[in-house]
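The structure under discussion is supplied below as structure tokens; questions concerning it will follow.
Lettered A, B, C and D in written order, each chain numbered from 1.
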């Protein structure tokens, strides 16, 4: 399944070392003037080669629109787009053709499909997320224009370095000013140092991204199997290397009592609001008008620049050492992907809520 | 959206105090002899009134089959079933008709639908999970008969009482012998005591359920947006009161290095297996033949048997004190629900994997 | 697949001789006061035993609501309903247990599912359409209340007796006054006589139902694969015994020239309308505000009350003579089913059109 | 909705005068060696400029693959492809910018989307069917390789010229030898002459395409709402200018008796077969192993090369005369599109039938 969403539907295609990465958006509202500069800026945040802690693969990652836009405006028809792959070093992967990299998708893809494109991970490469960032930028624009919704993610943990402040105490403007995308300069520096150390050892490290969605109106999401947080969980767990998700008080709140964690309703200037927001902006699967916030855990990158034992496709033991250009930590470049998936999920809910049920 | 699954599709219906709770299963393989005793035993595990730490609402929760079974065997046609509600005390809820209970779905349902069934939470009641347990029991039976898959969940944390052992060190037979469903008698006793204390204060407490799926063949699940762990996440986050999900090393593994967490492949008796299983049995969204394990965090029950301030539907401040019969901790009765959702998710993947793509 | 619709989703269940026939409607707008008398009247139009040309099976076909309605109003939760089967003569079918009736689903069901409920055709029985009539009645009510849409079907051909008048020349009030549901007394009488003759011979006959949808606003339906007429075609061809569908000028218009068949636009009192309506109210898959009309062809009923050669499940030649109670012509009782399917299709489009794309 | 199919899912994009027409196929089996020559031959059958009765727009219609194929074989990943538009004469449409062409989608698109691409009909252009022909060619190849299924369509009526022979009396090899794609030279010539006459008058004419699917195994399709013929109907009615569909005996058989039309089962060399095939190879929505055949009615092309009155977007009366290059009869070039849609529908059923329900 390569389609995401029910109303704003993104179908993605492309492999790391194929001709192009791209997608088709079906269900984008007509009459929108897509901000292509913004789309490109978002792509640039995800692009390799931004700093000393990201892969040095050089890709312009320029988006080309193929359909659905006329006279600068969307027409309601499918919006197809693509980014040509230009800087593949496919020969870097020749040694991997019949070898299964540990904790990668190689083995299960080989098993499931028989024939696989091993170059750069093929379809399982994080390069596929380019399509999500493009569609997510469109989704962000619609959410901002129609409901003044803003979506902000940042790195809140790398290895054992934790940003131990609530999001309300942070200055989101600082996020883009640090290479790790953590809005606290001192913590960001520690994270950066840790990633450099790990990188020097040919090793990798994981972490947590926190995401905050502000301005979401009450009433988005659905009961039972269509809960907004279940949709967010599926969206986030669909990102490469994601291992966990929680929202509101999440895993941390379970040790507390109900009397501590309940969000008391109050009438604030004629609006029903909650005094606290332990619920994370969602109750019964439906947004309640407070900020939505959640966390996504990412594992250490599986590609190590050191030797690892493994087996080949015939089951023979072998030793693997990755060549190629790889990130020691996925988090900085995953920040825009988390935002993109959140944006598409919320836009889907926005469109769904237009149906009067 | 009240339908779960793409191949084995469960559509549920019913409210806490309506005529019945039930569902329709579309896509159940033909020729199965449903083990109705097993279905009933699973329902009994979810049923209220099992112990001193669950609500005293008395419901036989007897399942009635309406279609899809002939001569004791499934026919491939939709299987409809229902459980009549018999022990509603709807008047317990009269005081809630126009009042929004904190951290419940009342407010957002009222906002979204205008007209709502406030009795016992209506559609948002955990009583809806009866339908999931019925369908989950069928799913478990199919998984067991066709692939010898077993699915086992247990309470691994209540408040700050944590079962600090890996699942491999536990005796799953003990789970059903403790009222909290924790397979370590000493920890279970502490959990039980904590719940009793909290209950005595009219308060509630949350916790974590761990679930282990054994025997899942390699090759179930899909790339990109159809990842098995994303499906599990959505399934689990769709359970009432769930706040978090992680699998494999999850949130706990992020502080470690890639070199510590990678699962090295080896040839074990002609089969490709991994030496360790930090991945939690899933790589690239597809099962790799190792055990699948994950955790689900549950918040403290929102209904307190003590006074709480809130507002009514006109926005007037008021004070609420719940009547009715409520669990101080959702976990013991959520264990079979977690298993049921896992079973349906895995069965869906099993059926999907029959399509040769 | 036992679910119809994307927004107003009906999932049906039940077999001819099982416990009950029923369904679950997911996506019905909240706040509706279902007109249960109207639902019952629609069921009565479909019910057996209405006249001397329909089966004498006696069924009250009383609908029982199981969920989704509180205080007489829909809540936005799934509406489950059922009609208990009470007058099965299952032993009438004992001789059919291992015999394949010609031009019935028996053989393909046996092949596909292995185990089948042969009694009264099981799931393939037209009795399943009860669920469609119930949901269709709800859909009709919503369409009428929200957009003053009316949906009217009638028998326009039986065997070679053709009602050769455009629908605009007919008085729809006469439809229910003739047992064949043809709004022209003289033609209706001929049809009735033909059906009686055929019945006397133990034979059966087919025909055409015409359906007219008035008041549908412009803008319902979608381009490419979501065309309104494609949805109608699928809905109609899903009715038992349907063999053909056309709309607007349909099969009859193909011999004419484009210059004869184009519908010229004009400005009628400030509204853009067409002078003629050969298009049948749909252009490019989207309603244009004119009347939608279409035809559905039905084959002669396959069950004959005379001997027919066939084979049993072992492939042995045998002779079959149906017992049981059967209609010699499906059309009179199919009229409300055609209307129901049209209503659900249009309601789905109405809800879809609320999403601003 | 721009996606067709549940298992073999084609999402199409592109406008007549945009950058490209293309699509993404999700769910194509891995390990297939796509016959790109065959794909191109199929595209050539649909291409304009083939004869004196098709539009003179010159397009190479060369397909470019963007993903999903590695080392000449499919990988199970989405197959994206596109055909660049090269020979647009967009200025031919300048006079149509604010004018609604009679019996076209212009008015309803303008109403629904506000902003529309009027050039060459934009998204509603039959040029969109290029994507269907590409995906249909892949589907044909899989059906042929895996089940020896062949799909053959031909023009069986143009205006009042009817090919009055059953398909069993025809030599399908003649189809491609006549410009109208009718496998009877004498009838084909009459059709050709009629089209030339109509064309000379600046007028257009409709007709019927018959399609025959041979080799389909018994057991494809589903009961109730997933009937194979309902899927075929939706597929065919989704083709531009289609107005009607019937299968088997269809509209023509309704005047006959059940005793004439029932298909008697017999044991033919150990296989259960039917003596006749009035059912058209489908019973109860499921293929029975006999040939599947059906008809599709097409209206006369709406674009006339003569003056027609109409209104503009402000509702003012105006007169329209099409420029541009247009077919006087859609049928010859629609033949490969009918085959493509049939192929995709059948492939979807083939894949669905792999799930053991």
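The rule is simple: contacts are C-beta pairs under 8 Å (C-beta built on N, C-alpha and C of every residue); 3 or more make two chains touch, one makes a residue touch a chain.
Note that the structure is a prediction, hence the values are computed from the model and not measured.
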Neighbouring chains shared between chain A and chain B, ordered by label: C, D
Taking all residue numbers at the chain A/chain D interface, are over half used by both copies (same) or under half (different)? same
Of the chain pairs B-D and B-C, which one is connected by the greater count of C-beta contacts? B-C
Centroid of chain C to centroid of chain D, CA atoms only: how many Å? 27
Between chain B and chain C, what is the separation of their C-alpha centroids in Å? 39
So how far apart, in whole Å, are chain B and chain D when each is placed at the average of its C-alpha atoms? 47
Chain B: which residues touch two or more other chains? 1-3, 12, 30, 76-77, 112-113, 123, 223, 357
Considering the complex alone, what residue numbers of chain A touch chain B? 1-4, 12, 100, 102-105, 107-109, 111-113, 123-124, 128, 157, 159-160, 198, 201, 203-208, 218-219, 221-227, 229-238, 243-251, 253-259, 261-267, 270, 272, 274, 278-280, 283-288, 297-304, 306, 308-311, 315-317, 353, 357
Quick check: in the complex, which residue numbers of chain A touch chain D? 1-3, 9, 11-15, 18-22, 24, 26, 30-31, 65-68, 70-71, 73-80, 82, 112-117, 119, 122-123
Residue set of chain C touching chain A in the complex reads 7, 27-30, 76-77, 223, 351-352, 354-357
